[in-house]
């Protein structure tokens, strides 16, 4: 779920841009350093980014029948860790904007924060927690992907609520409204993404 | 290149330097996000649309296709702004009302900004954009990653299209249940396939002397300074107008 | 005359952007025949096949299945695809499941077969295609010929009356392509109607009962292999050469070594055999 | 005798999992020749090509370039790839950039060419491959033949002394494959040594100066096309058939219509021409 181009006021666009930009810069530096010792990962990382982008460009059936797309961040965070997923998320969001006019450039910072950063952190965190709690691998993967997806949606709603507080109810009222409007598509999608991620993991094990 | 990509390979600006297209679309995008007045937004929207369709000769089908999907999201996203709760100054009680002005402005701004994005996306291919990034010394890790991502996503999208067709031919899209099953099968097996392609490409490039770096030279293109100057001049005029109009609002 | 099993009447199709794919094709496929759609790249072969299986909806004209007009509704298309199976050219991209077994089971499950019935059909199809031992393999670990056979097994498991094949032997080595043709001949022997597209005149000449030459989105000639290549006319117009076998026979014919009443053979192997059998020494 | 330009001595290679790729191959490539590696799928052709260009490191045995042992260091491999270019079977596995121009520039830049030198080489290679007008196009939008030519341009821009080609004409339609062979002949005429793998006996027979038959990871026979197919021995062992041009000639020969001192032609076209020229009527 993305914030569309032009939706955020200038101050918000710049603010999120700086926040995400800083974290992205760190991640690019850090991943670049580890790629120097493992150059073959470059192709695999790009292949998984391409997978994420391809999934997002597909019209997958969802329960509400709307056009929707999983993020793949949860899967990547489990496979590669959160740092590469921040870079990957950035590339996928940029591609969506430049190839499909989906999302946007002025909202790229905010969207990256919600999808690449918050999504990857939550997915990776949930996965680690679930593994420490000795949950089975499949359950852990499902939770990581589904909750990572939900985190993206909650953060996006919060970003929008912050930008457009309700005249009376303020942030909280607005946050509730945005959560409500997008819940119809996003909650089933999070579950679908969790399930798909488990399927992908099964296929990868065979590979 | 795939059906969903909105780049128009036959646009008249395809041989223009990407910097010109970036300054045009980027400047207009900044204007549309920053401009407080609806009139200025309207002018920007009209200018960008007309320029893209008439001067760049982008097919209106591609342009409209690019605008269509975000438009739906724009409308849905405006609902919470439209439905505002306010405090009635007479009764001091909270009540619901429709804030048409705020929502309308938001939709117009979104639409204008999206038109700028669509203008850039339909006239500039991703490889051109990557050339631009390399020219401004974007870290190599990032540009190479993007290049390979683009490369792999092109072939994956082709794969998806054929697989989808094959599924259709084998009655895979008949019922909702069959659809979910078909999509699940395809989605799950696409990543291993993508990894396989990655390994093969790496080996193929090794044969061509790949040693860890993907160096390439872009075809030569010159920036046209008069065009660039004209674009910037128009944008400065629009900005000045926006500032003047904005002061009126304050 | 019996009803054609599949029929295109005046089918026109244009791709988005206005590129003409088919400019009015009329073609009847008779039950049980092996029909070749022969033409150079871009002549409309694939477009015609995709129109015959309902993937592309003609701009005008009609497609008929056993005489009944095909309807482009969910039920109509389901009925069409149940009877008409299609093998696309690129086998790699047609296989989407994690294992061969899973892939082949896709069609029967969509037909609504029970699990037992599905398993039986899958195993039968795998056995027919000599793939039983490979059932567990992921499709990307197969050779080109095995992939093609897997895709064919996926179609065969749906037990269609007609199979449409787009360039069945492209990308296959001679051995794999001989294997594939033998398997198709077997299905043909059991009553399956076969329609295949190809740009390979030698293949069309050797393997088809009837050939329709496509040129610029139209059927420019249609008839038996002898009729098509006999006078050299139909072929010359469409940028196709004559089959080598015929070239050799034609080169031999002025010598009366090859009596003109002798029907020319269809394949190089048959030619060689016939030449040997003729014991040309006696003629001398 | 002059030094072979590229040489494998007792090269053995096993894939992870223990599958034997090469079981001791010894083969010398002479400068300026067109050598075919002929064999069925899985015989080790691709493995041998990948070993000759340094992508696979032999488990034992050695690869020599102009008599000097190839070292598997960065400098050694760079030196090898400067002299030996490789075209894989699937052009998609070698094309990666956003435009043809960018893609072709990759090789020269890897060799350390300056920008000016690179641009010159790219433009030259594009012109030679008749791709100049397509320079801005992304490689994904090309036909199979154009992709293959792009990949070949990428190799040609590196100006190698030897080009290794894995199944150069597979997946190409007859027209595109004739084009490609003509371009390769042109490079060959300018002194480039050509080594190609194929399972197509007709192609090997028609186009190679010398043929090495591979079977089970070994070279089972090596010699001129006439030597290889002459006695029918080398071929029969490895599951390959005789080229059918030869089959026809052999079938004609007992009749003395085809004098045994007359060298058999290499291609069907040459055969037809020769048959016509012989005016067999006179013989009768």
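When the chains are written out, they are named A, B, C and D in that same order, and each has its own residue count from 1.
Everything that follows uses one rule, which is that a residue touches a chain if its C-beta (ideal position, glycine included) is under 8 Å from a C-beta of that chain, and two chains touch if they have at least 3 such contacts.
Just so it is clear, the model here is predicted, and its values are computed rather than measured.
The two copies, chain C and chain D, are related by a rotation of 175°, based on C-alpha atoms and rounded to the nearest 5. Note: centroid distance chain A to chain B, computed from Cα atoms, is 18 Å. Chain A and chain D have Cα centroids separated by 47 Å. Taking the mean of the C-alpha atoms as each chain's centre, chain C and chain D sit 31 Å apart. Distance from the chain B centre to the chain C centre is 42 Å, each centre being the mean of its Cα atoms.
Contacts with at least two other chains are made by residues 202-203, 206-207 of chain A.
Shown for chain C are the residues in touch with two or more other chains, namely 98, 138.
In chain B, the residues touching two or more other chains are 126, 148, 150-151, 158, 188-189, 192, 196, 201. Interface note: chains touch in the pairs A-B, A-C, B-C, B-D, C-D.
Touching chain B in their complex are the following residues of chain A: 2-10, 13, 28-29, 31-32, 35, 39-40, 42-51, 53-55, 57-58, 60-61, 67, 75, 87, 91-92, 94-95, 97-102, 104-106, 160, 164, 166-169, 173-174, 177-178, 181-182, 195-196, 199-200, 202-204, 206-207. Of all the residues in chain C, the ones that touch chain D in their complex are 40-41, 143-145, 170-171, 173-176, 199-200, 244, 247-248, 250-252, 254-257, 268-269, 271-272, 275-276, 279-281, 283-284. Touching chain A in their complex are the following residues of chain C: 98-99, 138.
Residue ranges of chain B in contact with chain C, taken from their complex: 61, 158-159, 161-163, 165-172, 174, 178, 181-182, 185-186, 188-189, 192-193, 196. For chain A in complex with chain C, the residues that touch the partner chain are 202-203, 206-207.
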